[in-house]
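Here the chain labels run A, B, C, D and E in written order, and each chain numbers its own residues starting at 1.
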């Protein structure tokens, strides 16, 4: 065996301390920058606070009333939950276009089982949740095993589930009165209670808890890190021994399950159950919340807390514009401007904090 | 040699469209040895070890581990069988932190209920161990252990990948150019680490273009050329010049070496 | 204190609702009512309407004028508004059940459908027996307007409607099929193309409204069948009446959105003043804003006005 | 100066021939594989042919009539052109959600100038094209210079342009009769002519020519290669000296211009001009065609010819289902199944040809 | 030396969040010389040359080219000023072919109207020249010149990047570890190429961890440590051991060297 080269002999004397630089006299600005650098979800939060302040100034006290502010939360609960599901999928560099209709069909199933077939609601709800999870599982299998692009898979299942929804439900709305009479459990998340002037629903609480739980899972469990790794660089994730297929299956199934949970919350909010909810573009709203919240559509980057703030930003803006009495078309116009504006501010804060 | 090889491959073929990356390649790794694999750029070295470690499925050929035919359909399966690999492209997740990457797929959980029920990661332990491993490799310029891998310098990244494999290998460790981006000091540490692993009785496959390194640590040298194993030589019987001449086609290897 | 009111329409792309908003805005200005308008993104988008009602509650409005996209689904939200002391008036489209709103100002939609159905049957004469009829309906969940007009048409044409509250349970062999249009041109065109693929001998088309009729005409024209098909519709907007003049549409039932809107604003103003609620038309359970059949080819036994009169009364 | 190391001396004798392997006796299968490997757009073409055959067998002669087949082309002309625009954007790893409404507003502008204000159509058309290009330029500037994610930018401009469209047009439809009388030039692309039984329109021809020209530009000019490079790895593109910002600006502007061109074709097809075209989801259709055609949503991969075939696949499927007399909801269902099926076959062919 | 440096930098600072990659770094390159830059992994070598070549904007500091202060806002601007760079991460577009990559941004068009009016690329010429350049570097294992870069082996990729810079540099060529992934033969060719470029009168900055290579070709050696230039030494006056000792902090450099 040959010997180490001559010049390598001196290495034994080399410096052994870990590199570090003076952090003395670091300015406040720089500290803020470091903080934002390490907490990317804080950025949409700042944008959120800014928009509340702007509308508050423009509209005055009425907007700041706890009634209004909590109403906004009620309005975004469903989109927020769907956004959380969408976030999981987008973190894996996928997208789930079917999430809105999965919610609708789950709601219809819950309603039909509980009201139509007269099963106890305590069983109808799990059945609905199961349907959602199965839809997700189908997406996951097609993405992970057949290796089709998520956009196509979920565009396809969107059509399939949408049609199934209308065929299965015969387009019939289940009335609120019938739900209340036969399956009040379905209205659970509509339960509201007052804290001072603020009106909160269990749906709002559920959304917040769900996001916090997912945040924990994504950041503090191995599985969560794997979700990020799969989205970041699937090839690298696979080579470092992550079972990317299983992760994808789990993510899509979980997204379906959460969508079904959103269905339960939506029943609480709307009272009745209508297959034609499918017309509303819940997907686009959920994706918008996700992207405004700073989740990269290319996967692997962003915090789910951002999605929550993203949904709130959208809610604040649309409520604010409503209360300003903007004309519908001008409202659309300003929504567009504000979407761009919110993300531009976000980007700018990130830049100065880089 | 009468010892049974630990890992063998026979007649591996891998085609990519028109390109033939492996053209009937053979391979043998004996227990406890350091086997160097050398060859021109594009000779098929990485393809060979990818085929062995389950990262690509060869079109033809057979692989045996401890005498049993195996067919790894994923790197996960190879890892479970005890084969740990440092890939040339490193296989790190750019947006994740150093510690996250080091422990990817075998994270450490908090003790007690936090870990068992809530499956909470033990970040501080993971970060501490990561820091230790890197310090062992001499990678002292990493200022912030929680920074994401994409913000590391080229050499620091390679250090992370090498540290990971060394920490977890159980039967075979394969390293594809582990020192390519490393500095003098860091390379030396990796070589020491390789010898260290060998001392623990584990065989190592080392792909490298650095002849002094190869001749310093290798027990046998597998020379790869044009998609197949050209010959295997003993570094004590041949010089670096011979090895380079064989691998570049400047000289034909002698008959007996061919059979090795 | 200023009286706040809301107008919530299905969309603000259908000219009908555009006019309705213009009418309401003008009246509101006149009466000093502070009007805010909302609209769904597409016909059928109920979630936007729910959010709009909630904003109106938060805003302390006195009254809401609503053309509901989902006539059953919106009921619980409407109840919240009424519980908050707000007067809710359904315009154009009755809620389901009808008494979910404080009042309804609308066309008699069943009558509107019956008129065009009867006219089509009379115009075809003997050939009505082997007619091939296509229905271009509204949205999949069968909102009230859709059911009323569709079933009204059948009643007028002489088709057994079976359950009069349900579209699609009929078994008359003359029916080629139903498809939904979302009440807009593009939807009308697609639905027409679909029905033509099923059977290109279709010769009668019932359309939910004039935008859908325009789309249907385009589809027919593309395959050169525009001359052989009788299109009937509901709305009576100025472009629609002009289309009747040109023979593109055979007949249309004219409705009066400006009237609905101004009556609605007046009712809210009155309610804000002293709490009076509007009364329905004698003998009906809603306030009928009237309907006229507009055609230049009057048929026996069906009252109609000609396009001249129709133009005089048209709304935009 | 030190000398080369000892072992490097032998290099002068090293083998100097370029590596090559026997291609003797290459089987037909392998040749097909090589062909598909080198011509990715051939894959959607195969799927297209397959679907034509399947429907042909199911429906019989009627489907194979040149009348039916050319009708399909007429139906997809607009979506095909929009898909071409979308392809450019997607190749840069972007997405243009606004492309559909850019088309609509361009159509409305052409119509208003020609019919409303009575300008000569020969001027009204360029004005419309300019409007489209300007909308695209706005998108491009926000993406390239403000560095916002394309999804957000075009979601924002989608709202803004949509609202502007309705406000500007006051929702008024310009009737076909008026267009014919005052500005027949706007109907140019509706001009149809018969070749035997086949009915072709100038719109169809325009679509095909446009795609061929873009194919040439993308594959045989430097600018085209830059488009791919920017989408492939923007960082690498920038480091290798490509002016990524300029490329992005050009791509988005061109996409806007093509959308405006689609407007002209759409006027020919529809006769009238209606602001409410904006409700139709032209975007999703264009994106679907693009993705079925094998363009990667992650940028840098795929051939624009694939988009053309993708649009045709969608057209064939929907026409086929119509002719089979499927119920509307079942049609939606089967469309979903077929979208997934088409891409699954595509993926499978790619795999066996890898 | 009384000659004016061609390219200088003074007081460069670059921070990334908490990490300080450049901490008041200086730099000088003289006409016609080969300047090697060495240092530990993460010392800031790549950051330094990125700042110089316009790939990142330094937070502080000044750069002068031929005595004039310059501020490159993009690599494009640096390239236009004649500075050609091989980046450590290579900066290749994975999905494009070898020839497309080599000529990216300065493609060759067909002669005549096809090129001037229809702006048609001259693919065959580009492929031929690409093949020639690669052969010059000894990269003979590339079987299919139109294959995409992502399908190349690690070394083949590096060869493409080096060939590109060498072919197009006009004032300065900067190479960040150009031979890291290269084989013995291919590395040798790159060194020859570097000497060749120097003979044409163009100065070269070579970042490398390979001491024998550095001492073989460099005229001066810039030693980088902890984000700044520690010293510059003359390879004829110091040994490899000295250099390694300085860069790893094992020895302090002498005063006079510090001033160089």
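Definition applied: a residue touches a chain if its C-beta (ideal position, glycine included) is under 8 Å from a C-beta of that chain, and two chains touch if they have at least 3 such contacts.
Just so it is clear, the model here is predicted, and its values are computed rather than measured.
Asks: Compared with chain A, which chain's mean CA position is the farthest off?
Replies: Result for max centroid distance from chain A is chain E.
Asks: So which chain is farthest from chain D, going by the mean of the CA atoms in each chain?
Replies: Of all chains, B has its centre farthest from that of chain D.
Asks: Using the touch rule from the top, work out which pair, A-C or C-D, shares more C-beta pairs.
Replies: Top pair by contacting C-beta pairs is A-C.
Asks: Roughly how far is chain A from chain E, going centre to centre by Cα mean, in whole Å?
Replies: It comes to 45 Å between the two C-alpha centres.
Asks: Centre to centre, by mean C-alpha position, how many angstrom separate chain B and chain E?
Replies: Once rounded, the distance between the two centres reads 28 Å.
Asks: Using the average of all C-alpha atoms in each chain as its centre, how far is it in Å between chain D and chain E?
Replies: That pair's centroid distance is 40 Å.
Asks: Indicate the whole-number Å distance between the mean C-alpha point of chain B and the mean C-alpha point of chain C.
Replies: Those two chain centres are 73 Å apart.
Asks: Which positions in chain A are in touch with at least two other chains?
Replies: In chain A, residues 5, 7-8, 11, 14-15, 19, 21, 166, 329 touch at least two other chains, as defined above.
Asks: Give the residues of chain C touching no fewer than two other chains, as numbers and ranges.
Replies: In chain C, the residues touching two or more other chains are 12, 42, 140.
Asks: Multi-chain contacts only, two chains or more: what residues does chain E have there?
Replies: Touching at least two other chains: 16-18, 20, 42, 89, 140-143, 184-185, 211-212, 226, 244, 248.
Asks: Give the pairs of chains that touch; include all such pairs.
Replies: A-B, A-C, A-D, A-E, B-D, B-E, C-D, D-E
Asks: Going by the contact rule at the top, pick out the chain C residues touching chain A in the complex.
Replies: The contact residues of chain C facing chain A are 12, 34, 36-39, 41-42, 44-48, 50-52, 54-55, 58-60, 69-70, 72-73, 75-77, 139-142.
Asks: In the complex formed with chain A, which residues of chain D make contact?
Replies: Per the stated touch rule, the residues are 93, 142, 146-149, 151-153, 155-164, 166-167, 284, 287-288, 291-292, 296-298, 329-333, 335-340, 343-344, 347.
Asks: Can you list the residues on chain A that touch chain B in the complex?
Replies: Touch list, chain A to chain B: 1-5, 7-8, 11, 14-21, 216, 220-223, 225-226, 228-229, 232-233, 235-243, 300-301.
Asks: Touching residues of chain B toward chain E in the complex: what are they?
Replies: Against chain E, the touching part of chain B is residues 16-20, 39-43, 45-46, 88-89, 139-144, 147, 151-156, 158-159, 177, 180-187, 209, 211, 226, 244, 247-248.
Asks: Under the stated contact criterion, what part of chain A meets chain C in this complex?
Replies: These residues of chain A touch chain C: 62, 65, 67-68, 71, 74-75, 166, 171-173, 175-176, 269-272, 274-277, 279-282, 318-319, 322-323, 325, 327-329.
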